[in-house]
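Chains here go by letter, A, B, C and D, matching the order in which they are written, and residues are numbered from 1 within each.
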Amino acid sequence: MIVMLDLVLRLALWLLLPPLLPGLINKVKAWVAGRRGPPVLQLYHDLARLWQKDVVLSNLASPGFVIAPAVAWVALVGAAMLLPLGPTGAAFGFRGDVLLLVYLLALARFATAWAALETGSAFGGMGAAREVSYAVLTEAALVAAVLSLSVQSGSITLATLLAPAAGAGAVLLAGGLFAVLLAENCRVPFDDPNTHLELTMIHEVMVLDHSGPPLAVILHGASLKLLLFSVLLTEAVLPLGRLPPFVAAAALAGGVLSVILGVGLVESLLARFAFRRVPLLLTTAFLLCLFSLLVAWNGGAA
Amino acid sequence: MNASLNLLIGLAMGLNLLALGSSRLPSLIRAMSLQGVVLGVMPLLLEQGADWRVGLVALATVVGKGVVIPSLLRRAMRAAHIDREMEPFIGFVPSLLLGAAGTIAAVALARALPLLPEHQGLLLVPGSIASVLTGFILLIGRAKAISQVCGYLILENGIYLFGLLLIHSTPLLVESGILLDLTVGVFVIGIIVDRIQRAFDSLDTRKLTVLRE
Amino acid sequence: MTPGPLLSVAGVVLLLGLVVGPGRPQLWRILTLCGVAIGMGAAVRVLSGGGDWEWRSGFPLGGEAMHLRLDGVSALFLVLVCTVGGGGCVYGGEYWSDHHYPASAPRGRAWWNALLVSLGWVLLSANGLHFLLGWELFTVSAYFLITLDRQRLQVRAAGWLYLVASHTGTVCLFAFFALLAARTGSWDLGPLRGQAGLSSLFWLALLGFGVKAGLFPLHVWLPSAHANAPSHVSAILSGVALKMGVYGIVRFSGWLPVPAASGWVVIGLGSVSALLGIAFSVAQNDFKRMLAYCSVENVGIIFIGVGGAMLAVSHGDAPWGRLAMAGALLHVWNHGAFKSLLFLGAGSVLHAAGTREMSRLGGLWPRMPWTAGLFVLGSVAASGLPPLNGLVSEWLIYLGLFDAVAGRGPAGWAALPAILALATAGALALVGFVKTGALIFLGAPRTRAVARADECGWGMRVPMLALAAVCLAIGLAPVLFWPAVSRAVDAWHPAWATRESPAPLATLGLFQATLGILVATAAAALWYRAKSRGGRRAPTWDCGFRAPTARMQYTAASFAGITAGWFDWILQPMLRWRRPRGLFPTGAFRRESVPETVLERVISPVAAGVLRVSTAVRRLQHGRLQSYILYLVTGLLGLGVLVLLEGAP
Amino acid sequence: MRALLLVIIPLVGAALAAFWPGNRTRPWLLPAVGLVHAGLTFWLFLDPPRVGPADWFGFDPLARAVLPAVSLLFLVCAAYGVSYLQVRSERPNRVFVALLLTVLSLLSAGHQARHLGLLWIATEAVTLAAVPLLHFNGTPRAFEATWKYLLVGGTGIALSLLGSFCLGYSSLHGGGGGDLTFVALMSQGAGLSRPWVLTAWVLLLVGYGTKMGLAPMHTWKPDAYGEAPGLVGAILAGGVTTVAFTAILRVRAVIGAAGAGAIADRSLLVIGLFSMAVAALFLLGTRDFKRMLAYSSVEHMGILSIGAALGGAGMWAALFHVWTNSLTKGALFLSAANIRRAAGSPSLDAVRGMSVLTPRSSALFVTGLFAVTACPPFGPFFSELKVLRAALAAGHGVATAIFLGCLLLAFFGLTRVVFAVVDGRPRRAARVNSQRFVETLGVIAPPLVLLGLSLALGVFTPPLLQDAWSAAVAQLRPAP
């Protein structure tokens, strides 16, 4: 019973909280720019409206066009459920679940890119190609980060993996993972979620032809992914496992908020990179994670 | 006895050089046939004396190499209207020098090979090697089929010379060898040279290079 | 029944099929299916704990008494042979029918059975001479299967390349087995780990079997052969024949001692194959070549696992090696299943559309919904994504390697790059499969040929469905397959036999199954919601572009452009293009092709050099008798000098 | 006496053929004599006669180990010859048939010669008897080939005579009374004069090596095999080369007894490897499928020579390879002859797509290709692997690597040529020409039988045959 309740609460948290984050980011950006900005809860309104809206499908689209967003969303929810939440630990942890998390993210990516290609539009192809290509580097960085955490903790179960601090390499790891977060969630400087109809985007061009409930699912999934990465980053860097439960919970919340703040600030202060420089930045992120891995390896040996 | 034999061997070696140096086919054929006759006489001069079989071999050699083969060659030569070796692969002067060097090498080489007591002092081994080398030089260096046949026959003369060492201990081997070689000679000349002459209308081996990679 | 009678019946039935096959397709199909089913029975019996089977004949064959042996390792591969062999046989009946190919279809049936029998023979042989015998027969039958369509020059060229490459490998194996026989004094094979003097032989085996397996620098024959072969043949080549190379390495690294460096080399080669194989795969425009290169990647993944296990053994029998080997062996099955499925799907597309170029396809899903669905399923499995089988085996390998890293021993240094290579290769595979699936099935048809395409019949559909079922079964219930795999691992390294499964496969299976159910539910729900919200059809919006044409869609080269760009150093793409000029441009084009770099940049120049030597040497046979005599004299002098030198005290 | 019959019967047959009136019926003498000869050989094989140590001639273990292969090959080729000569009924075949039978007789004599001189006489006589067979076609190309065959072969045979003299002379040094039987020479052992023995070995190896076709003395081979009728090629490649090889083996036994076995083995190994390398390089580029067979033959002579150099096991494998190579090469020659006849040319420039015009011969040709390149289950696979194993057991690592490399290059070359002949779309000239050639049973069955024999020999090597090889090895390499 307790287990069920735990599960339901977690699910509720993961489903209800994410749409808040984009609103917060927008608030930060508005605040930096000195504007009022849209309401924090804007995305909730949008989602509700989209869910009610009619759907227009491309002539060329197969059922996969609608199914894929659902697949991606389930994959992201599954990944989120694997992630431990600070002091409460994971809903169900097992050896190697961290790899499953990485591959669930990949499944979500596969589905998103597939859906983008359904309509045969050049934009869809462009976005999908960029999405899957850059993900090669982010995935390498993510796995390097996981390796570094695993070396440190001697475990490959998320709950124990994320409990101790990142140690000496924490700063490197934080930098690397933050870059991965920005790239995976299509934020500046990799992508610009605000511009539309531009040839240089990733995520937005992939969902150009989606409408109504599928689009709502996609947007919700995107925000869920943002939360997922924020939590992952926070837990990877902060030694939550060593703190008392309430402090840990507060630290987690604070961590997520500061990540969001960071994203907002980056978006306000930086311009989007030219595309040919994106791989360079991602390689840097990968190298940061790799260095933290080496630090962890040597630290353990010493 | 040995002295007269050595004299004949020396004569044969001289004929080698003559064969190498002659540009006209008739003189080449003459040198070859003369050498054959000289060789044919040799068994009769060997110390051990001669029985009827040796005599037969001698006769066959003299007749074959001195008469039959030269006449066949001359006939082929006339049929093909050639009497001169043009543009040999190895020139006459180089051939001569090579032949001379070969003769010296043969003498040197023969020292490395021990002789039986009864053969001490005989020049058979160096003479044999020198003739074989001469034969090779002609085979390699001449363009006309007839010259090559002469080379082949001189090569066989060399082997014949060597065979004289053994003619009394292993008569069968030597005698049959000599006779079979004669047959080859006749075969080559009588049939093939003739056929080639008819098929190609020439005895220039430069034309016999259709089969190649 | 013990495996013995089963195997002999299977062999006889298959041989009977070989004999009657050319004339009677129906009977052939029945016989072949019976044969593989019975063979499968024998293998399953061994894998389900029925005990190993071993048999020695009283009579000699080729001067040696026969020695057959079916243990866990060979049974595991035998299951694969039977599965794909049966599937391909059914598929081939419709795909390569007598109606379409009256000349070659009968031949193809006979060679198919010859291939199956020789594959089984290789797996059973425990005698070096007989192993080679089966190995060569397998190579030759595969050659004739590849070149069934001998009229086409391309096919013949690909077949010849396959043949000579295989023969190169076989020559290495000649040396390997002959050396083994010379050192042990017998052709008999079996566990010989104690004889340390044999360890250096492993390098020969790696070379010989590596060619067959398609490890990276040795893979040169693979893309063209797999692309040009009839698709059911590609399926068995890629799904099964490559695994024979893996089998060889697994078999002999288990039976013979290996050098200390071997684990490092194998895991290194595996990583390189995985990364570069998939890099080439992503850059292809021909979808069968793409699948072929993807096989190079998967073989690389398998070798990462095998190399990891070898490292573990050489580092004190570390238990994580068991995981790596189990992952590798399970991946043998998995790759066999999903790659065969993909090749069969590719064959269906080829059959319908008549081209292998992705950039000439598109929009096939409404015409071929079954093929499209099954191809996507195969793609998901091949990309190693949950909830299908590709993930399970990769996950096992990951677990082993992560444990190696956690152990912080020297083996960790090999495991670290391997993990990164595995992860990167996985992400690249995703690029490749999204590209391939989408370009073939999604969007608008790019050429008219596509518009006439038709879905394949049930004869081709059923084998694909069966293979898809295998992918699903291993993905959703891996725990059912664990005992079989673990028996194979134990047969490889008996010292690990007592330990329990260290991987929570049951939990993984539960998670995968739940995920599968949730995906299905969510998809259905969203589909229903979309339908209820209108689901109106309209032209693709495409940012308001009014007259989109099929030619404006993304092409294969543009999709892969970013990733291929990172590998330009090895891909060496050849670009030919003409810019549009003037106000009314005409005749602009841009063609990009990716050569087989190792073949064209390394092997071809070497081959050209050898041919130059050959040409130079052949000039010596110029027809002049004088020179021939000179050669003879030279030979005489040469031998004289040799004897003089040798004879000198 | 029975052993002598092997020589006499074919000679009688030859005489009969020389006076046989009918051009159409005369070829039947070939299989008739071949059958008697094979039967007699088989009888002798099962029940070998006693051979006295001083006998000049006899069916000794070495003859028993090799001669049946030649006899078998001749029988099949003779059967092929009947159909072949019917196809070529425009040419008189009196000389051809008579000399083919003479060749058989002389081959039998050569294999059974236990005397240095006799051996030389038989070999020389075979050389001469084969001359008219080579120019059976009567074309200028054939005469050119014959001319080269005769002069190169003649030079070689002259050198082997010189070598025989040297060996004889060395025996005189050792106090021998001029007895040149191999048994007597071997019994003299180290008493033979060493400088003369070594000189003799070099000369004999070059001389008989020329006959065998070892590089660089192989130059006559492509021309002769390329221009001769297929069955003559098969007999030359499978029979005459075998005589030369047994000659080398017998001489090597004497050299070995004289204490120079290691030197002899080294020279055999070197010349064998050199032959394989040269053959492989030529095979890579040759554009004539009949010449290709000649180079392949050179390669296999190299393998034989290497096997002979590798001690007892190697020699055993070499004798095995004599069988497998003779039979397999025979099948290749006969099927190539069919294709050549149908296509009207042996050149790759003019021939392709023969699987359309002569499907059966092409299938046989391709099968023969795989058989000769050591593809199981045919015989060469087993014999070559045994050579390989012997080489590795003897510790010749580098030589083995070269050996395998040459096999590989040869495989490249052979497959290239054969598939070029078989595949593709036939040319018009070949189409027209091939209408005059019918693939009757008479021209298809012989190569098929040979392939079947090669297969059976590899898979089920008769124990009796294995014993025969072992006995021959014991004769040639007596245990010290």
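General remarks:
Everything below uses one rule, namely that contacts are C-beta pairs under 8 Å (C-beta built on N, C-alpha and C of every residue); 3 or more make two chains touch, one makes a residue touch a chain.
Since the model is a prediction, treat every value here as computed from it, not as a measurement.
Shared contact partners of chain B and chain D are C.
Among the chain pairings, A-C comes first (most C-beta pairs in contact).
Chain-level centrality, scored on Cα centres against the all-protein Cα centre, points to C.
Measuring from the averaged C-alpha position of chain A to that of chain B gives a distance of 98 Å. If you average the Cα atoms of chain C and of chain D, the two centres end up 43 Å apart.
The geometric centre of chain B is 68 Å away from that of chain C, both derived from CA atoms. Chain A and chain D have centres, each the mean of its CA atoms, that are 77 Å apart.
Under the contact definition stated at the top, the residues of chain C that touch 2 or more other chains are 618, 621, 625, 629.
Residues of chain D in contact with two or more other chains: 147-148, 151, 155, 222, 282, 285-286. In chain A, no residue reaches two or more other chains under the touch definition. Touching chain pairs in this entry, ordered by label, are A-C, B-C, B-D, C-D. For chain B in complex with chain C, the touching residues are 89, 136, 139-143, 148, 205-206, 208-213. Taken together, the chain C residues at the contact with chain A in this complex read 362-363, 365-366, 372, 376, 380, 383-386, 391, 395, 398-399, 402-403, 405-406, 408, 412, 416, 419-420, 423-424, 426-428, 430-431, 433-435, 437-438, 441-444, 503-504, 507-508, 511, 515, 518-519, 522-523, 525-527, 529-530, 533-543, 545, 548, 550, 552-554, 558-563, 566. Within the complex, the chain B residues that touch chain D are 112-114, 116, 128, 132, 139, 145, 148, 152, 155-156, 158-159, 162-163, 165-166, 169-170, 172-174, 176-177, 180-181, 183-184, 187-188, 191-192, 195-196, 199-200, 208, 210-211, 213. Partner chain B is touched in their complex by these residues of chain C: 618-619, 621-627, 629-630, 633.
Those residues of chain A that touch chain C in the complex are listed here as 51-60, 62-64, 66-67, 69-71, 73-75, 77-78, 92, 94-96, 99-100, 102-104, 106-107, 109-110, 113-114, 117-126, 128-130, 132-136, 139-140, 142-144, 147, 150-151, 154-156, 197, 208-209, 212-214, 217, 279, 293, 297, 300-301.
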